[in-house]
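Below: the structure, in structure tokens.
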């Protein structure tokens, strides 16, 4: 509200802190006529869903922005409502593979709009490991105690499954949606390595991830690319692998909360999301963190405002991500069909 | 503002312990009343009931005839010097002393003057700002005293207020009590183990024993006619002789002890099994042998007591009596085993109930 | 196991308060030593230094000549009855009493027997399982006493151990102290305000005043030759007369008070400005007028004291003396204003230093 | 009265005390040093490198500052309410006789409910009763979390209030109210201060309950958590450095004040 | 003493009781009720069918071991905190002079104004392979290669927990020591007790309320903690709150609530047993005459 530009409508935007552009929302509001009131949702999908399903989120917020995968569940419970893409002109500018992210739609309706996408693999130190091009490094006994994975099955199970599928020819159909037996295979594999002391730790969160590499706690770990950018900013020699097994694709999607409809701010919400895809936001986010809004509007906007953004850089970032998606991609999925089993296995892994 | 107090068949049980056992007592308005009694006999328990800090298990407490069972302590016209002192640890000496007056609405210079007067009274002038936790035992005692005295209440309860004070200060405080009593006309109830205090101040006093009142009387009566052996011994009549036989007639009796006969006033049963002969030490004198009535006794010991000596003398059957003689009286020295004659002034011996005498003898 | 104690130029300051001021004192091995002194004069402070609960600001404490400055309390052969009692609130009576013995390794029946004996001694048989917090004042006092006595240490420090006990119990405890002292041969240091206690028990005693020791002597000497007016008054020689003039010769003097002359033994300065005449009350007697040496005085008041009466008599210049007469002596009654003759036995008057007399007179 | 611990024991006691201080100071002091390091990578700065770069950037961190304000307000209100309520609960505890134990257990029960669950469940209750989330709902959650702590702390401090003091006050004419204000309150003051401090710190640091119960304005821990997990700049170290120094200042001020004014009463006896 | 007690105690009880009922009992009811409901995969939501599935699931995949290990961790940390806090409180109260004790109190308080999140994170920088401690130890020649177990280990977790919750033990201990008349200790010494004996036989029993409170505080805080374990524990390190978060992530509310209920019942049960055995609730009662 402090940021409210004159006459601009306001929406309550409840999202991962990564999506916040702080002071720049003012400019956003001037351009789009909508001011978001930004609230950090903590980046852990569990509590976010819980607050939507059982708590107060719908009383408070209009738009949610968090990792995709749970749209189906939230839609079934009726806590989110579908977007009308007709009211989001910029939707069309989204790259096709972003529109094709498997779980954006439920029951034929559009529940998620991908605002940020990327594809993740391995962060590693070439000074110690040379060039790495496989997740096998993570499970390489020679690196015992010098590797880490993320403290969440949502990422770690899929990476392992990709490795087993692609490099060890294990019978796994979709690493992002494992059957009961596939899951057993994957998790037993993880459990074995964990028991062998392969992993230094399971990490959690951005800053801790950065520190793990920076402080030489690990030489390689599965993780997010912006950590590499950050590491380089801090003078580290870090690389992001292009593994033969492919990348884990993910989307940070916008969902429209039921409360927005009830309060009659649904149209404003559409305007807001349209704004996110309009170019300015993509330029800002790319500059701030290396995140990508999957549309060409970024480059268009940068070219129109060369004094503020370097069009070349914006284009390069776009091409870089696009290139990743041109190869093998398995989509991260917050709600695989057997997700209750994932959790059980995860406990087994913890307690192993 | 004199107030009378009626204690009516009051008992107070602490579980199996009967701290007060069916006590009935009337204290007159404006009276100076003293409670004596051995440790644990229920004196403090009685004061607590009067002060309103405790409720009787049964019975009734009334002021001027009005039941005060439901009157809380802070509404009673009573102030107390507690045996445990109960000084407020977070207040200075002056704050402790001034607390009650402040509650009464006093403040400023008037309050200060009253506090200082009270402190002067207990010889603690200049101690006002001191931390009460860092005082000597006697100093704490005096703060507690000042805190109650300064209130000048209708009823003042003093639970051993002068223990821990030296003789000079005690004397002075005692005089102060007398003056205060006269000036305020309040009803005073004093618990003390010091007979001088009791005797010189009290209009009447009570001797308690095991939660019961053994005797209530004017001080002099306790010496003239102690209710029983317990009371006699308690007030310092240490010589209690068991009579062999008694020949009584009209308030007087001839009693025989270990073969020797002496005259006694009768104030109790005349049955040798139920009575003892109380001998007042102040009515004994060393007599020339042959004087009558006199007892012939054997010296068994002497003790130096400063301004006098105690001479312990034995009858033939081993019963003893003690006689005080001036430290440098012309008589003596006495050697153990020596025979001396002891003369008895009138009323030296009183025949009283043997109740309360420990079975051991 | 007798131990001697040397207090060597000891001071203890509490901020501006000098609780002990350059005290030097030798207590002999096995001695029964008593500390007397007004409230706040430093008695407890001195005991704390001996017990090891405090350190002197300056000076040295030694046992048998060996400095004990660094010896902690638990290693000292000392036990104490604290003035504040310091009963352990989470222990029963028996646990309190048995605490020290248990630390010595005693247990089982042997321990129980010792505890019960100690409780018997203080007349608390059967109180073993009771909660110490729910006892009467005197009962608590006795638990503290039993807790220290049961240890039978080389040095026993008793800080007003008998306050709050009735006369009979005091007497009994006093006798117990005597027996214990004889039996264990320990060094006893007793703080008391009760002269009877001090006089009947002590080998020597000290009178303290404002952190200093005024006199250390055998008990009788305090009456024969009090060091000064403070000591005299403190031990009960209340009659201190200011001399008009003094004619001294060889240890004796003729002193004049309000025009009347009386003989006095010289134990202090013979300068009228620096001395007072202490009159021992036990050496005064009512004389027939005309007897010599005798003083003619005016009756100004009488007080009943139970077994005797106090007669207050005035000189022409208003100075007073008090004479005790038996309650029912043949003489009297006395009316205020009446003239009486007072006879003086030998050594009734002693000329001593006037130090310690309050300026008010 | 002096107790004699012996040199070895004294050394031991002080050593443990100092070890404890080192343990609790290692993290904040390290971070304080880090906050003056202009490098992006947190680490101990060289003396020559010391800089206020991150502090200078602090005022621009609107989200952090807003959250800090929110947290301070919530913590203060929580502390006031928790202390007050716990005082009432403690007074009730001493008034009650037979049902004392049940009351005690009732009051401390909420502290055993895990934070996530309490937060979610309370948020569900509020939502179902139509109460909109705001700083008030956060306070409600924090209050219940802090109250058992404050209650026990205050109960502990009640040991200083002997019954005989109250009796003596009543004897001098004090009504129950005056007994409370003049005797009880000053004697339990250390407990009230501790209870306030405890509640304040519990609320200030509480994450889970705040997350579930907050309105649109998050509290500091929630925002910090978000920042840590999404690419924070060292400004967050400057933030905690500033909070650290501010608390040093506040606590020092209070300590100095109590040094000046405090009566050093120790052992009421 | 005087008057009737009931009205006053009810008046005093009303505000806290209302708060407890409204903010405590109502949610607690939800927790317990939901723990007996059923998770429905078709709606991803719970169904009001009575089911013990939540409780049954606790027995599977080692979940109950997490509960046990949490209790052990909480117990150990609480004990360690007492072991450090007790001497600290003793030093502050009995050894330090007035000024020093105020200073120490201030020192004990200050760190806790900094977010425990940040503090825990900072331990990673202190204890890590290239952290301050390893660097110093190597510089001083005490070790020649960095110690791996300093971080991402139970050691690190316990250090982190200690640092996070130490004052929660120190303050109640201090408060309870304040009430102990030093003459009691002097009397114990007088009767022959050395420092340790006096400590165990006099001071410890008299400070039992503080010990209980300090222990309970740390215990409860540890049971509710997750950050320290996540940031400082080894791979997959768990604790009840982490497990509950895991379960919440898959929206298995009946299970999450069943775990909570069990934790609640276990701790509360321990307190009840403690109350039976040691009269915990009466620790705070006034025993003075």
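Some notes on this structure:
Per-chain numbering from 1; labels A, B, C, D and E assigned in written order.
As a convention for this text, a residue touches a chain if its C-beta (ideal position, glycine included) is under 8 Å from a C-beta of that chain, and two chains touch if they have at least 3 such contacts.
According to UniProt, the chain labels map to these proteins: B, C, E = Spermidine/putrescine ABC transporter; D = Polyamine ABC transporter.
Note that this is a predicted model, so its numbers are computed, not measured.
Annotation: A-D is the more contact-rich of the chain pairs C-E and A-D, by number of C-beta pairs in contact.
These two copies of the sequence, chain B and chain C, are related by a rotation of 180 degrees on CA atoms, to the nearest 5.
Mean C-alpha positions place chain B and chain D at a centre distance of 56 Å.
Here the CA centre of chain A is 90 Å from the CA centre of chain C.
Among all residues of chain A, those that touch two or more other chains are 47, 50, 54, 204, 207-208, 211. In chain D, the positions touching at least two other chains are 1-4, 6, 42, 116, 120, 124, 160, 162, 164, 167, 170, 176, 225, 228, 264, 266-269.
Of all residues in chain E, those that touch two or more other chains are 1-2, 121, 125, 181, 183, 186, 189, 194, 198, 245, 248, 288-289. The touching residues of chain D, counted against chain E in their complex, run 1-6, 9-10, 12-14, 16-17, 19-21, 23-28, 30-31, 34, 42-44, 84-86, 88-89, 91-97, 100-101, 103-118, 120-122, 124-125, 140-141, 143-144, 147, 149, 151-153, 155-164, 167, 170, 176, 190-191, 194, 197-198, 201, 204-205, 207-208, 220-221, 224-225, 228, 236-237, 240, 243-244, 246-248, 251-252, 254-255, 258-259, 262, 264, 266-269.
Against chain D, the residues of chain B that register as touching in their complex are 51-53, 72-74, 78-80, 82, 84, 86-90, 92, 99-100, 103-104, 131, 133, 147-148, 151. Put simply, chain E touches chain A in their complex at residues 39, 41-45, 60-63, 65-66, 121, 124-125, 128-131, 148, 151-152, 230-231, 233-238, 242-243, 245-253. Interface residues of chain B, counted against chain C in their complex, comprise 14, 36-40, 44-45, 83-84, 134-139, 141-142, 159-160, 163-170, 193-196, 199-200, 219-220, 223, 233-236, 280-283, 303-308, 326-328, 345, 347. On the chain E side of its complex with chain C, the touching residues are 181, 183-184, 186-194, 197-198, 201-202, 205-206, 287-289.
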